[in-house]
Structures are given as structure tokens and as C-alpha cells.
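Naming follows writing order (A, B, C, D, E and F), and every chain is counted from residue 1.
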């Protein structure tokens, strides 16, 4: 099998957003008592891109990076994982950085150094419409519009191009209260809802989108009225629901020993969208989504544990199984 | 907010005892197969002092240290954490050392190199009575009198000064069978009981103090007769009881994923005594004690995981919660 | 107590097989995202030898090693642990190597670089019959005959020598599907069955030996008919059964927090065979086997966590106990 | 010897500026190929403060820190080293961060995340004049005025207070071309020159101060005319010159094996100023300055290698000497 | 600047050969006393490809990889560094592995596990002629023909395609005595000499090619007679000579503190060939070659230290220079 | 080649002394700023034993060890390296410990926790005379008599046994001023001088033995008068001299890049004594001694870098040579 990255053919999943260098404390405890850090790079949309590539599809990531070694780290990491990187080098703004604290075995906290980052200067001019027109899915999240006005415009422009070209659009709400205030978030995210085809939202995020029904399925149905054909509601380690017009698919989380909970949501989205690209029916998409999330959190790192197609079977093993 | 360490005002909690350099194996298994060690410094009384500082109060630690780099490590660590260090430098005896083995994920073992250490030469001459007279609490443990005759005298002198000045005294029994024989321990500890106000004892330690009733509450009540106004009985991951005259407060342990069980008792004492300094009622003290213990064992290190006031809320989160 | 390694007296347990250098990823996740590796050395038969030495007996390991630093690592490791090493240095073949991936917290995978290794060239000429004749037990596994024709002959020769000298023989089936095809495995292993005294097999391995009864005890009894006096059937973290003529002993696994499941089977065999050497009755052997397995998997490494006699009591402690 | 930190007496050296958390790559090579980082905290002025404390004097550091764990790291580090920390906690701006790349064994590069940091918001309101009035020396650098207009004003105010109180002022030029443009730097720094008593400048920095003579001594004498009584000119690993009115003292660098060149200048200043506090004559100050620099660069970290008084003798040992 | 990897345009440098996973001991000393290893991936031809990419050109690498995680590591590493990977996945042979010992600070030793590796099964069928026809340079080394008969044929076929298409061919002799015997090496390498345009050989390798003159320049001229237009003779840390028809260019090595000498030769070739692609004259090519080698050995890893165009200036800095 | 450890034959070199667990800081700088430590085990006499084993001879080490995991570490390490360990387990005293600080790249410092250690309780009763009688050399150092009166008696007894059996005795002076006062050292060491055959002393140690001549050769000749037939005088990285009756052999140190200077003296002794066992003439012994020392200090650890016979050639390589 020969590599075919970057061929002129269809582009699979296209996404846009920020990837930061990340420094993760190796020790569990307050950050100021940590001593050593492992460096990687991560960002929600790119995590999804990597997950989709691992499951056999192409993915392209659009963004901006600083003209610095951390930008080079991001490029190196994503290209290495097989994601096509289309990122302008910004001569005047640095690549963003996050520092990950493991406060306890279960609770993580993140410090961001991303204000004014290269990716926060993303604008419609950075979006090559031809790439989106050739895509099979455009995936966006609610993080990017929170970065800046121009980044929000970039997302809007990308969605506009996709819709014009008949490319389906997926939105992962990913509401980050530390990046913007609630009313701005509500305004920008609610504008997106009617323009996308698939929405991923946690139970807590439904009200941000204006769906206030206490029952998640009914709340999701409120959103369906506005345009999307599917709303997938996640609920941590509980049952996720896919709500379509006239169809509800429930998928419980696979039980696993959690090693690093960060990245579960991105893995879920990657499993679902890869299933969409493969033409799976809704129950199979949801099962693959849950499997990808379970395997991802069974390993360290935001995206490192994402499964290949061959590894999806790991969720069917009992505890303590060792292959030799 | 400007630092005010070392002001001439009241001294908060004052304590005395030994802090050793500690080397912790990074690998779980027999010590002789370990390869790498992380260095820190720890000691029961100073762990309490750090815990009380994290919860917003002042603390002073009295001791002796060797004229060596490990003594410098102890000073640096405690001062860094905001504890006032009043430790004589002993030109003729080294700072103590402990090596921590993680024999299994659940069982730790410690090797001590503390015989003849600088702190074992602690004596009444090292105790500045003015510091104790200005304290709001004097905290001692059953470890210090086990170190040597002169160290036992230092504890006795400190208690005498406190009582004369009307400063309440807290005693954590902390019986260490490897440091002294049972009959000596019984003799010295039972002398202390009638002279202290609050006693912390595990269920197993009550008989050492002469309280043999099989029911912990009744055993605690036997001790109350001798002088203390409160006896707090801990029972590992089970329910702790505070027994006062006519009042019993029960506080179950908060369920957590244990990362490192060492330091749970010191964290409990710190949470309780900080509550006392804050004027909390007994149920609130006990709740804060249990919360501090739960959060402390959720992180690595004897004291590193102790919570700040803002972090006490971590015990109210469910498993797997990740703040971003 | 003075060392007496290598005296001219009886040799305790004698075993033969391959020990490889092993590189274990320190990070949980796909191997290609690992960054650091810890080096050790391990092999099923030698793990048993170490386990038997820790429980107070002598053990000798026969094999071949490459004329290289990894061969030196193997020698150093086993000799250090008190196993007598009788290994020819092969000038023309390297020491084998394995790379251990921790794909998730529960699932490990191993990559072997052992094809054509020095140990795969083991042959009857490497077996000193005098060592086996002085042994109290000869222990072999189903891995060695899978390495090569000459290695299979070495095992056969060793068993022949042992039987002629009246030395009891123990066989741990250890079927490795990646090393040989099933039909060859069946042929070679079934030849061994009637020539050994004790067989250790997992529930899954019984059919490989030709014992197809769905009930493990009855399947074991089928094997007893062929020659062995005891068949021990293991079943992961469930109940193990020792099946002798007219006797069945059931031993449940001790509950532990699993740190590294690799090596559980070897630890079980070591505990059992040490009990045999000590003249324990069958229930005591089985209890010691289960205890050794439980303690071994509570620490990192294939053999590092094996208990000494004094440490067998660790299985009687509750969770979270910390000895200071 | 009992600790006396924070007594109401004279404050020794007082300084102000920014301390950042620092992440240092453990691997030599391009930053994007680094994998692990060690965390510490460092800043030019605080490095000097630590150096002066190690040589037996008191030091106080004035600044602002973020309300975050990295701010706690800075506090912990400086307090641990015995520096009195008077830093306001800024609720709205983060603690600064730097990432240190070891591009080659000899060349380091630093990435800053300090724009908009808490310390860049330092202003005269953060300066407690009473602390400066009680100081024996005020030390400032050319880094702080480069951080912001208000930080420059804070430096100016501190100098004004010191001069009014008769406290001598020392200025280390520390010109950082990445923090401000040359003309602004020239303007602000040249304002400071006539208002300080001792200037430390590298050969390259003399022209920034307006001293353009190609001969460093004559350039320094030009500066003397404006007010300072001493100008110390450093020249990397070559000879440093102290130029006073009618006196030139030349001090060659001590030959050492350089482990980490960062911090050499701060160590030099610390050695000199400690000598000033001790009442040494100029040659003795210069010798102590060179010794402190030599020992500091013989160890890892910006300040960690700074010598205690007892360790100054290390520069008199030959290569390869090992004390046991 | 947007990424353009994999466009349909000209392919820059094309090369073929083996890349192995590499495990490097972190400790200096005999391998059997090492404890930790860092994993990377490296191979002579791919190192050159990375070097050429860092200097602004495209590069493509042709090979075979095992269907395993170490093959994934190789792909990830090279793609990450911007090299286009055209490697068949061999279902039946593993990716090769090397273990790097740092026996002393100056002497390294390597253990190979590459016999029968996927890359040793490289054959003409793995070579896509269209890729070579679009190349601006084909680069081969004397390592690949040493791997197997089919790999030698693959090299021969690639050279044939290049020559037919008018693509210049470069050969780095890289004689490895451990991979083949001298007479086979001589035969295969001497066949290549008349078919290539540029030869890189160390002083010691000239006789292997049949050039026995004791004077390297005259020996190189002997080779020129056979076909190549340039022979570059390297001599470790001494002067390298480029010998063309009627032109000799001498380039001394830049003095540096050597951190890791492995990869110097590949860096030299990369610097030279990038200069060729840029149209530099011979002295400029040789200077860039020497600079790339000097910077590469100033950092850890076989290729990690290779300079970008912007970093070539690092060789002009003096020792101990630190950029902040 | 089959292992023959512990055969009943001749015992090669026999030695006695203390081996401690050692914790080495991984970071260069003051110990209190170190964070991680590597554990090994080392002691002068055992280092010599390992060196002699690496050069092809047998060695036996007599001592006492604590009944603890650090004692197990010492046993494991020495046995692993092929040294026969004859060490009583002391139930009442711990194994000694040292902590190694790397204060600068060139200067190390050691903290000992060895007072009252098991080895300090070594006495004649621990010495099996039969082992010494079968030895080809008895090697002692001036460290052991410094540990305690009984340890000094053990050395005296061992020497008496050796002399009675005609076994030559070697003494490495190894004067440690921190373990005993000069006058006691002089008394005990001067008693030994007339009873040994070979003395190793540094230039600085000659006066301790009573040889005060400023010329080392003449000082050595003074000692020869008392009994020894050879005095080897070492002088750090300069020329070592072997002074026999009528013969002086000078051997300059081999130039190397020093990685860790600890252990140079022991390596020198090992090289010399192995040459003696091999029947080398004096110049060949001295050359091997210098080579062993040079190679040992080119690697990390006290003994880890000691050369095998095959590695002695490493001193003939130039700098920067890399074997692949």
C-alpha cells in the first residue's frame, strides 16, 4: 500500500480550528508541585481529524500557526498522524500553548496561553474554498468562534461554502465558558444551528443552544426543528442518544478503566463521522463513536489513544486481558 | 495581597517535630528493583503545618536540621510552602532521611535513616517559649517523643508553655512501633493525654492510650475523663467520630480514587485544626477534615495534594470530571 | 547467613528456555506514540526460577545467549536474582528481544525480535545431564519446543534425562499461537503430556492437549489418564483447580489491584513448585501459588513483583494498608 | 541559628521585576523535537536576590503575580530560597511563562509568553516605599522598563524613593531587543543612568547607554561623568572591568566547564552586590562576582548553581576534583 | 504560506533505503547497565531527505515497512518532518530495529535487529519509476545494496530509471562491514560508480571503490575517470575535499562541541545536495554541507539537529553564545 | 562457555569491605535543588572485584549486609556482575547508604548514612579463612579499618590468614578524612604497610603512610623498605609510577573525555591486579591499569564503565569515533 496523501482527489473530512502545543504534568498534584512535563500538541478539531484518519479516511486541517518551533511541533504532529495541514504561518503572532495539570487522578485543569495566538487571528482569508468544496464533511466546533471575531467569521464562511457546495456540516458545541461570555456564545452558536446537519452536544450544552427541555431527547428534537437532521447528545460515561427525525438511537458507554479522560468527546465525534463516511447506519455509527471514545480514554494523551479500525475490537475484551 | 510572613503578630499554629528528606521510588515493586527516586521532604507535624497554611492560616515549625544540603532541602520546601521555619542548624548531626518503597499499588514501606539525626537531638533549649505563647494552637504528635529522651522533653516543655499561656494543645497519637517499644510509648503518651485539649487517634491507637473499650466512642469517652475536651477517632476509609462531652459527630470518608495514601491522617488533622482556627462548629470541622484527607490522597506525595480553601470543593465532583 | 550459590549439592529446580531483553513502554497508548522505554529481561521459565529462589530454593537455568550486551543483561539479571545461569554463548546468533506496548491500561501487546535468536538454537548438546540428575524438579514450558526443532529436542532430551533419574517434571503449557501453528503445537505438546508429572494449563489450553471436555475438571482427568499425577487448571482471575487422582482442590484468586498482569502464570507456577519443594500439601501449594500470582501482578514487571516468603502475607492485607 | 526572615529590621537588597515560570527542554536539539521539560521559575532580578541571600544577606522582591498555580510556583520558589516576596496577586492577568530550547550544547533560545502578564502590569502603586527606604541597596534592571509604560514608571518611582532615602541604586542594563525597540530603550535607559550609583553593562550594551567609545574603559568613564560612581563592564568569558573615578579593576573570568550559561550575568551582579553589602573593597567585590558567575554556570538552571559563601572556594579547585 | 506536500509537481530529491526504529540508551556506559531508552526512527537516506526538506526542498522516500507499530513510527516520523513516504506495507516481515549504546561519551555502538526486515525485502517492484522520473536528484547509499540481493536490484533499477530520465544520481558509499563482506561490497559498489554523478566517500572508503592512491584527491580523480563528475571526500572533523574535473574545493569542518556524532555524514550530504538544488556553486555547496554537519552533531539524535536555512548561521557564533 | 561461578576451585581475588546503596542526583547543581536520583550500589573493594571479573577472573567479596531491600540491592548488583557474595545478613543494623551530589560538572560531593551500618559491624568472625587461603590475591583498602574497631580487626585477620597461606596482599590506601581522624588512620594504616605486597597510594596519601619525601618515587622507596615489593603511586590525570626494588615504571593517563570521575582509582587497581593474575609484566600491568581507569571514567557510575578485556582497545581510538 503506497501513500497517497495530498492527491488531487476528494478531501474526506475538512476541519478548521486551533491546535496548541500542550505541556502535561507527569505528576498528579497541584501544578506548582509538578516538576516534569511531556510535550505534545492538541486541539479539538484536529483530534477529530486524527481519529478519522486512523479509521481509514482522509482529513485536512485549516488554521494559522506562529513562525516558531511550537508551530513546527503542531505541523509535525498532525502531518505525522496523516492529517493534511493547510496552515498559514503568521509572522506576528505565536502558536498557542496550554499547560495541563493533573490535580487529582480524576480532575484535570488547563492553563491557556492562547490570547492573541496565531490561530485566534484566523479569518475567512485563510479558508481555501476549493478544499471545502471537495470535502465529504466539514466539521466545526464552538471553540473556534470563541477565539475572536475574525475566527468566528472564518467558521461562518466555511459553513457557507460547504452549504453552497452541498457538503454536509457537523458541529460539536464544545462550549468553553473561559473563552467567551455566555450571551455572546449563545448568539454565535445559535446562528450556526440552523446551518449545520449534525450537532454533537452534551446534556449541559443543550440550553446554550436554546433547547431547554429537561428531557434531552425532547430538547434535541427542538433543535431538529431548526435545520439539523441529527442531534447527538452525550452524557459523560452514561448513555449517548442520537436523535433524528423519527428515530432515537441509544448507545451506552463501554466500561473501561479510564487512564486520561481528556479527548473523549473528540474521539466520539471521530468515530461517528468516520461511520458516516463509511455509510454505516445510525446504530453502527453510534457504536463506533462509543468504542472510539472508550479506547481513547484508556490511554494517555488527548488523541494518542484513538483506535485504528483494527483496534476497535479492544472494547470487546474483558478486563486484564493481555495479548502476547 | 502582599505577603506578611513572619510579622510580629500572632503565630497561628505552632508545631515541632522532625522533617526528613524523602526519596520515593517511582516504580511499583520491591525496592531493590527500583531504579529512580523522586526527592521531597516530609514529616507529620510539618505536613499539618502546610495544610493549615493552604487553608489560610499561619504556621510555624520548630526543629533542628543538619548543616547539610538535605537540611537545606527541608528549609526550602517548608519555607516555600509558607511555613515559618525556626530550626537550629546542628553542626554535628545529619538531617534524617527516609526511603519510600511502593511494594504494591496499595502497600508502601519506609526505610528510615533517622537514628541520631539532628531532629532526634531536639531538646527544650530549642523551643522558643515566646513563639508558643503567641500561638493560637500548639500541635504535637506521638512521633517526636519517640525520637529521644530530649525530644520527649521538648514536647513536654512546649505543652507546659502552651498550657501556662492558655494556648490549646492538639495531639495526634501517630504511634510508630518501629521507633520505640510499646511500654515506653504507653508511658510517655499517657502522660500527655491529660495535658492536651484535642486528641486524634486511630481506632488501633486507643488502647495505647489506655482506652480499651471495644466501642470507639466509649473508649474516647474514657479519655475525655482525663482532660481533653475532644477526642477524634479515625478509622481509615470508614467513618471518623469526634467525641466531645455530650456530643458525637460522625463523618464518613469521601469516596475517592486513592493515588497515594500517605499523609491522609495529617491532612485530616490540618483540615480539622484549620476549622478550629476559623471558628467552625464541630460538624464543619469534621467535614473539612475529611475533605482535606480525601483530596490529599488523590494526589502524589505526603503533603503535595493538600487542598487550598478554593479546592475543598473538589470532593463534591463526581468521578472523571475534567475542568477545562 | 552466607551465600552458598553454586555448591556441589542438589540443584533444586532446573529449567530451560529463552530469556529475552525486554523494552517496556513507559506510556500507555499505541507503541508508535511511546517515547521512553525501561529495559529488563524476562522469559517464562526464568521467571519461575526467580520465583522459586525468592521462596527459598535453588534454581538453575539452561539456555543459550548471544555474545552481546543484551546477553550480558540477561546473565546479570538472572544471576543477580540468585538463579544459577548455565548458558552457552553463541558467537553467531543474537540474544532475543521483545518490546512491550501498553495499548491501554488493561491490554498489553508484545513485538518479538526472537526469530533466529541464540536461544532458538538451543539443542540437546546444551543440556548438561548431570545438572538435571541432581535436580529436585525439572520445569519446562510449551514455549521452548515452539522456538525450533532443535529446541524441541532439547526439551525432549531434558525430560528423558529427568525421568531416567527419577526427577519429577513439571510442564506449563503456555501455548503461544504466534510462535507455531496449532497442529505442530498439538503434536509436540501431546507427546510431552504422558512424560510429565505436573501440568499447568489454562482453561483455553486444555483442548490443545487433547482434553476437550467442557468441564475443566473432567478435561483435566482425561489428561491424568495419560501419565501426570496432577493437572492444575488456571482461569485468569477466577478459581484455579488442582486435579489429582481422586482429589480436586479449588483455590480462588486473591483480589488485588492489578498493576501489571504479565507474569501471573509464571508466579503461580513458582508458588506451586516452591510448595512442592517444601513438602506442602496440595491446598497449601495452591494457596501459595495464588498468593504469589496476586502479589506479582500488584507490581510492575514480569517477575520483579514476585514475593519472598516473608511477603506472602501481603495478600492478607486489606486495600490501602500502608506500613510505616 | 534560628530563622529571622521578615523581621522588622533593615531589608538588605530590594529589587523589583518579573519572574516567570520556565520550562526547560531536557534534550538538546530543535524545540519541536524535545519531549520532556523541567519546570522552574526565574527572572533576572530575582536571580540576583537569590544570589545575595546565598551569600548571607537579606533580599526582598517586589512584583505582581497571576492568581494561578504558576504564580504559586514563583512564590514557592523564591520564598523557599529565602527571598522575601512582596507580590500583589493580579486577578486579571496570568503569570508569565518562558520555554527554554537548548538548540545546541552552546546555544539556547527562549520563547516568551509574557505579553500582558501580571508583572507587565506592575506600577508605582505596587511599590511600598517603606521597603525601599529600609533597604541597603535597590537593584533594578533594564528588563522591567521594557515590559510596559507602568512598569517603567514603577522602576522610576522606586529609584526616586531610594535616592530620596539615600539608598544606593544598582542598574544591570540587560538590554533585550525582543522586548522593546532600540530608540525607546535608549530613551528610558539613559534617563536612569544619572540616577544610579552602580551600572553593570556588557561591552555591547555601552552604546545603548550613549557611551560609544571603542575602548570599554573610556566608554565607562563617559558614563561616570553622568552620575554613577562605578561602571562594571562585562565581556562574557573574558576580563571584566570595574571603572570608578580614578580606579580600574580588572578581573578575568575563572575557567570552568560550562554546564548552562544562562544566569552568568545575574550571578556576577549578585557576587558584586553581596561584596558591597559586606564592605569588601573593589577587587574583592570583582573577584566574588567572577567566582559567583563561574560557579553558577557550572550547574544547571538560571540560579540553582549560585554559590553559598562556603562554596566560593570551588573556583580554586582544579578540573576533575572530587570531594568524598 | 500554505502546505503543498504531495502536489503533482516535481519531486525534489528522491531516495530509497531502510529506516529503522531506534532505541537510544539515555545513560553513558555498557548497554547492559542502561535502564532507559528513548525511541526515534532513523536511516541514512531518510536523514538526508529530512535535511533537504529543512533546507527548503521536497523529498520523497521509497521503502517497505512492516505492518506493525514500529512501521507506523517510521511513517509518522518522516511524514511529520515533511518527507513524502512511499512505502509498501509488508504483511510478512517486521520493521527493522536498532539499539544504540553510548559506551563512552565519544564511542557509540549499535545492535541491529534488521535481518529479514521488511526493508531488506525491497525490490524493483517497490520502485515507482514515475516518481524518479520527476525527481531533480536521486540519492542512494551503499547500505541498501548490502541489505539483500533484491534490495541491490532495487537500487540498480532506480539508478537505471534516473539515468534514462536524465535525473542526476548521488551515491553516499556508507560502507558497513557488518552488513556484507568486503568482496561483495566491492563488486556491487564498483558497479554503481560509473553510473552516478556525485559520490560521497570517506577517506577510508575510497579503496573499497578501487581508488587506492594514498592521496585522497588523486584517488578521487581515479574515480572521476569512470563517470562521476564530482567526488566529495570527507575526513571526519578534518578538511573535506570536493574533487571535480579540474577543480578541487577544500572545506574545513566548523569547530563545534559535539553532542552526538551520529548523522554527521548524512547532514553533510543533505547540505551539499540542497546546495545543488539551489544552484549554489561548489564552494557554497561545500560550505553548506560542512555547516549542516556541524550543527547536526551539536544536538542529540541522528537527524533531529539538522538545521533549517535560518539556522545555518549558528556555525558563525562563538562558543557559549546564548540568544534570549 | 558454561558458567562456573562458585566452583570449589581457586577463588581468584578475594576482598572485603562495605558496599552501600547509592543515590545519584541526575541534575548538576546543589543537592537541595535536585529532583531525581538513580539508584545503584558501590564500594571501593567491590568495584575492584567487578573490574577483575570483567577482565576474566574470579572474585569474592566478604562483608555484612542489613536484612533489608537495600542489602538485597547490593547482593543483586554484585552477584549480577559475577562477583561471589559471602555476606552475613545482620538482623540489627541497616545497609549503608550514600547520596551523590553533582555540585558542578567537575565536582561531586557525597553524603553518607553509614554510621552503625551492618558493614561497620564486620568482624573477624565474618571472615571465612578457607576462602582467603584459596585466593590468588587478597585485596584490602584503608576504608574498611576506618569503619570501626571490629572492621579493622577483620582486615587484620584477613591479612594474617593470607600471609600464613602465602597469598599475596594488595592494599589501596584510600584515606578518607571524614571517616576517621588522621592519627588513628596513620596508626592503623602503618601497621598494615609491612604486611602487604602491593600498595596503591596517591601522591597525597604517601605522607599518611609515613613516607614524607617530596619526590614520590623516593617516598615509595621508603615504603618498600618496610616489606611491600611494589608501591604504585597515582597522581590523578597525570603520570602513575610503579616503584619496585630496582625498577620504576611510568605510565601516563590516557586522555579521555571524563563523564564521571568517581571510580577511577578502583578501576586502576582492578586493571593492575587483573594483569597480575594474568602474569603480565609490570609495564603491561600499569598500561592495563591506566586503560581501565580511562575507560571507567568515560562512562557514568562508579563501576558501570569498567572495561571487559575486549573493550580495553577503546583507549586507542581517537575522539569522536563511532563504531556502527
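Heads up, the rule we're going with is that a residue touches a chain if its C-beta (ideal position, glycine included) is under 8 Å from a C-beta of that chain, and two chains touch if they have at least 3 such contacts.
The structure displayed is predicted, hence computed values, not measured ones.
For the two copies, chain A and chain B, the CA superposition rotation is 120 degrees, given to the nearest 5.
On residue numbers, the A-E interface is repeated by B-D, which shares over half of its contact pairs, out of the options A-B, D-F or B-D. With centres defined as mean CA coordinates, chain F is found 61 Å away from chain A. Chain E and chain F have Cα centroids lying 46 Å from one another.
Looking at chain F, residues 30, 35, 38, 76 sit in touch with two or more other chains. Taken in their complex, chain D has these residues touching chain B: 1-8, 75-77, 79-82, 84-89, 128.
Considering their complex, residues 38, 256-257, 259, 295, 298-301, 304-305, 311, 314, 317, 319-324 of chain C touch chain B. Chain C meets chain E in the complex at residues 23, 30-32, 34-39, 68-70, 72-73, 76, 94, 97, 99, 101, 111, 113, 115-116. By the touch criterion given at the top, residues 27-30, 33, 35, 103-110, 176, 178, 236-237, 258, 261-262 of chain F touch chain D in their complex.
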